[in-house]
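These are the structures in question, set out in turn.
Both complexes shown next keep chain A, but they swap its partner, so chain B is in the first and chain C is in the second.
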Partner chain A sequence: MRRKLQVNGSVVEYNRRTFKKFLLDNLAGMLFTLPLVLGLIIFSAIPIIQSLIYSFYRYDMTTTLEFIGFDNYANLLWGYDSAEVRGVFGRTFLYAIITVPLTLVLSYLVAVLLHQNVKGIKTFRVLCYLPCLIPGVVSALVWRSMLDQDYGIFNAILQAFGLSPIKWLEAKETAMFSMIFMGLWGVSGGMILWLAAFNNIPSTLYEAADIDGAGRVRKFFNITIPLSTSMIFYNLVTGVIGSLQVFSTFIMAGGGDGPEKSLYFIAVKIYKEAFQRWNMGYASALAWVLFVVIAILTSMVFKTSKWVYYGEEG
Partner chain B sequence: MTKAEKQKIVDIVYHVVMYVVLTALAIVLMMPYLFMFFRSLMTWRETELVPVIFFPRGFHWENYATVLSSGNYLTYIKNSLIIALFNTFFIPLSTSLIAYGFAKTELFYKKQLFAIMLATVMLPGVVIQIPLYVMYADFHWLGTKLPLMIPSLFGGGAINVFLVRQFMRGIPIELENAAKIDGANAFVRYCYITLPLCSSIMIFLAVNTFIGCWGDFYGALVYLTDEKEYTLAIGIYNQSIYGGYDGGKTNHIMAAGVVMSLVPMLLFFGFQKHLIRGIAIGGIKG
Partner chain C sequence: MKKIICFLFVIVFVLSFAAGCMRVPEKPEEDYEVDLDIDKNITETITIGITNFEAEEIATEALIEGFNDVFPNVTVNVKKIGGVGFNQQIINMYNADLKNPGIMPDIIYTNSADGLQLIGKDILLNIQPYFDAAQEKGTLNLDDYYENYMKLGQKGYDGDQYIIPRSADHVVVQYNKTMFEAAGVDMSKVKNGWSWQDFLDTLDTLKAHFVQNKDTIGVDTPLEMHLTWEATWNPILVSNGAKVFNDDGSIALDSAETRKALQMIQELDTKGYIGSGGFGSGQAAILVHSQAASIGKAQIEALTYNGKKCEYDVVSFPEIGENPKVGCGVPGYGIYARSQKRDIAWQFLQYVLSKEGQDALTGGGYNSVPVRKDMADPKTNKWGEGMDDVNLEAYTYNMQNDIPTDFHVKYDVSYSYDLISALGNMVYYAISDYTIDEAIEKCVGELKYIIGRPA
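Let's turn to the complex of A and B:
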């Protein structure tokens, strides 16, 4: 009896010791990642659940907190606000569908240009990158000024070439075009990351191609592009996520919605519902719809990512 | 014509085409910046001229003095600096701690935690904005700078952690093991071995954080309701849209814009080498 107990006791003790050892081995890792765990809980997990809960309430932060079931979702999908919501989502999608591929291709080409091995390339890199260091607000205000119907530089250029001036941000037909046009000036923004991706391509591949007599174009299509697909993929994903949340239209429209709401995008709509009309519940429902859309689109991009090469590390 | 001669001609043509294209690209991309800079030196009348002029007729540097001495621009600059500097210190710090945890320590839920962290990249900022706003209201933080500062203590963003972890994984494990045998604990190894070797990616992170916070508009727009707490971004925006002290004269707004743009540009020039090297070694790989 006694022995058995002792055996049992020693087994328990042994287990306790391994558990202690296990904890001690993991202690450093736990402590180092503790800020992240806390941050994920406080600033991501709780808010995301809370926001889902709010989306079923009428909530204005002061007097009203009333459970209304699916009313918020009904209102935005087919209720009184559905026409505006459809317009807002439609405009944002149109913007994303045009901007994402356009900037991806152009920023890639610009990076390839700035990767060329010619004298003085570093100066060109700096010159092309500097405009991207202008803070977003300032850049938007400068563009508002440049696109001004009467005092802007673009209409002056058009008129100098004998073309008729465009209304740019002041007409509903051209407002979206103006936003996309303005976005083109951000193509050098990803330069540092692209150049890093190009530099990661082993130079031995290019040397081997040289020996085989491959030209510049051939090397570009058969080495540079395939080996920078992981960066293309990264830019594609962040581009989709970012363009659906674009907020600069708010500044471009001077805090308004643009002519006939042509600059009224999802992020602006959510901002106005939440922080100007204090419809916190309704804004949460809108935000959740956007979240689901982004999650679906991102997983679609990931599902079709067989073309991505991640290097030997895997 | 020999093959070498042909090659030479191709090379010359290539260089000429490159320089023409690069120069054109630089001029086009620099245009908004030059537009802003030249407008900042014009008189108000010159900015309203039709036909529009691109170059100022005289250099009115006094516009800068006017902007900095009127309105609350010095307060705005101070507020922007406080927020940006706080983040610039704490984001690289918390990022490197977490990245060290992922790169160099044993942790049984490491893979799961890393996956969850990366998944938060997908989370649109607007979804968590509203509950956070309510939470900060409960803390009585609205109208103060705290909502723009405190989150930096809890991890500096998934992408940053990812980049630093990649960088740390490139540091040979032998260094760690040698220190371990000498009895150094994980925190000592982090401070004295890994962190000093990460200086270029740390500088990259610090500069990027500063530039990001300096230019942040949305956060400041939502949380800073008190004029005393306004940052430069909000100050310039309000002056341009609502008029401010001078009715929103273009030349003054552009001068303020140049001042605001100057800071990131000086940082970029100062740390250019680190910025490009920091990222080049870390790279982006699965």
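Let's turn to the complex of A and C:
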């Protein structure tokens, strides 16, 4: 029996013999990828499918396992928990809507500054990237300490200038904005990618623009931005996904959900349902709803990505 | 290729089912045989699971050393499981143990709050048969122990025994005596059994002193008291006669008694008595807590105040009203419900309850309060050694007034965390920008939501 197989972009016909030959020819490569494939199956694929199965059960990890069909989904979409779920999703969206563009723009501007050909630029790049080397948990704890109302350094500075201290994390009005402010600490995380994108822009384009008499601003808007849109797109997609999964608030709020639930985001709720209320089935259903929401938003970003420039098509 | 992908998907799906523990384990047997006659020279190995805090390890090692004096050939291995999320890790280990027995320790460290979850999830063994047999044999006399504290190891704090209490954690007022004297506090009021008003008067004197000398001493709030901690707000609520739930489970929080209790708590904040300054670092004169006196004493005696070496002392929690209550809790140990070595594990537990065990615990650096009534006197027992100048009697003063945070036990254990958090939030609201009525209203809303959830 003859089959078709795509190899290096071209379609070839094969039979069992050629398929066997194909396997033997690529055996080394397959063996190299095997650990990764096994890791993905064991640590990603199986837990993902398990969570889908759990989402149809009332499951407390020890004594209760009862099939309840779509009850978990009904409870969170229009049942007893729908108001709270709407609240946590609303808060998460608000966080994402502010954080994603802010981080994109600021990290882009930092990268532009660090792309200049000035003396000591490598030192500046290292200094700007240093915050990303600190583990997230550690930086969250450090920020919690710095933002403390009574002994934090920010309020000490305010008080030194005769200003009133601010309840950074202790009041519902300021807690989320303090979180967003803290998130800017890692703004240089995307800088490496931006710099790589800038380096891929052919210098001939800038030389041609110089000959045409274009200024720095014109070159920035007409060359730098259009030719780095693929990286903007990548950072936008990962930014949306990351901000909807924000969990560092759990540490910032001392394991809680912030003053009057102002830092109660969807990832925190999933954690609490699973490991404080032991509703593993319900937590799994919430995780799958979050997955669907992220998938829809990501596909919307992809559908509207005509502005992205991927280079000359071969 | 599509067929291969489909085949792989099916394999992964089946594996997910197989690996997914899609069955509930059978309940562990509760009607088991008890053997108390263990040969003292038995050779055996058991494991004890504890938190990974250094102080816990030191205390456990001290107990093991003492236990080995009685059972020299029993090896007790220590398994450090983690501090934060201890129960979560225990439950993960439990699920792994169901498939590969031997992963779970035979003895599990827990406390009166977390233990309720482990009991509710059939992870801890009902040790009532051991209690009954040991009493019958005469090796255990429950009259030797504080009843309140023994109850903290029972199912729902009033049923069969699952956990043995290791020590009696009783909330007291620890204070910096040097600061008190410098502020001119009327020390005749600072004695065991003092009233809430005496406590407020003392705070007032300290506050005035700190405000007057703020520029030179840098301290402006006299009190470190964690108001949203259940061992703080619960006795204040109960002493005032407030109830969270009626006997039928309906919400009873919206009452004059709750308002009175919240006013007392609010006053501590509005009068500027409470700050975030730490007692141990000399930023507050008072700490309301249950920590062992040895910890506070070491911290305070390392400080100076106005050039003078600081002295430390303790007094009982101030009494509120006609029916005063004090917050309490216990650390302790339970036996894993599926342990194959429960008889020797029980011997370890019984050793912890013995005078020798309680002394061994003190030898481990803690001067924690023994759970035995006959060891209450610090002057004649090891836990008072080196503390002659400290009023340790405060730790055992009117123990019959001790009350655990037990309002939530009439509901499923999966509600406990949220119910306690809701009351803590109410206190937070009361000391934030809300009125007491608003704080209660918000809390009642949270309670309705929590108990309205399916268990």
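In the analysis below, the second predicted complex is superposed on the first by the 263 of 314 C-alpha atoms of A that agree within 3 Å, B and C clash if a C-alpha of one lies under 4 Å from a C-alpha of the other, contacts with A are read in each partner's own complex, and residues count from 1 in each chain.
Note that in this section a residue touches a chain if its C-beta (ideal position, glycine included) is under 8 Å from a C-beta of that chain, and two chains touch if they have at least 3 such contacts.
As the structure is a computational prediction, the values presented were derived from the model and not from experiment.
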Practice problem: Please work out whether A:S164 is in contact with chain B alone, chain C alone, both, or neither, and reply first, second, both or neither. | Solution: neither
Exercise. Please work out whether A:Y151 is in contact with chain B alone, chain C alone, both, or neither, and reply first, second, both or neither.
Key: both
Practice problem: Classify the contacts of A:L127 with the two partner chains as first (chain B alone), second (chain C alone), both, or neither. | Solution: first
Self-check item: chain B versus chain C as contact partner of A:P259, first or second or both or neither
Solution: second
Quiz item: So, does A:Y234 touch the first partner chain B, the second partner chain C, both, or neither?
Solution: first
Exercise. Look at A:T204 in the shared chain and tell me whether it touches chain B only, chain C only, both, or neither; answer first, second, both or neither.
Key: neither
Practice problem: Have a look at where A:G39 lands relative to chain B and chain C in the superposition and call it first, second, both or neither. | Solution: first
Practice problem: Have a look at where A:T304 lands relative to chain B and chain C in the superposition and call it first, second, both or neither. | Solution: neither
Quiz item: Who touches more of chain A, chain B or chain C?
Solution: B
Quiz item: Once the two structures are fitted together, what part of chain A is touched by chain B and by chain C alike?
Solution: 46, 50, 54, 61, 150-151, 255, 275
Quiz prompt | Complex interface listing, chain B residues touching chain A | solution = 14-15, 18-19, 21-23, 25-26, 29-33, 35-36, 39, 47-52, 54, 94, 97-98, 100-102, 105-108, 110, 113, 116-117, 120-135, 137, 151, 153-155, 161, 185-187, 190, 211, 214-215, 217-218, 222, 233, 236-237, 240-241, 250, 253-254, 257, 260-261, 264-265, 268-269, 272, 275-276, 279-280, 282-286
Exercise. Mind listing the chain A positions that touch chain B in their complex?
Key: 22, 25-26, 28-33, 35-40, 42-44, 46-48, 50-51, 54, 61, 110, 113-114, 116, 118, 121, 124, 126-131, 133-139, 141-146, 150-153, 155-156, 159, 185, 187-188, 192-193, 195-197, 199-200, 216, 230-231, 234, 238, 241, 244-245, 247, 251, 254-255, 267, 270-271, 274-275, 280, 283-284, 287-288, 290-291, 294-295, 298, 310-311, 313-314
Quiz item: Within the complex, which stretch of chain A touches chain C?
Solution: 5, 41, 45-46, 49-50, 53-54, 58, 60-65, 75, 80-81, 84, 148-151, 170-171, 255-256, 259-260, 275-279
Self-check item: Contact set on chain C toward chain A in their complex
Solution: 1, 12-13, 15-17, 19-20, 22-25, 27, 84-85, 88, 91, 94-95, 117, 120-123, 275-277, 414-415, 417-418, 421, 425, 428-429, 432-433, 449, 452-454
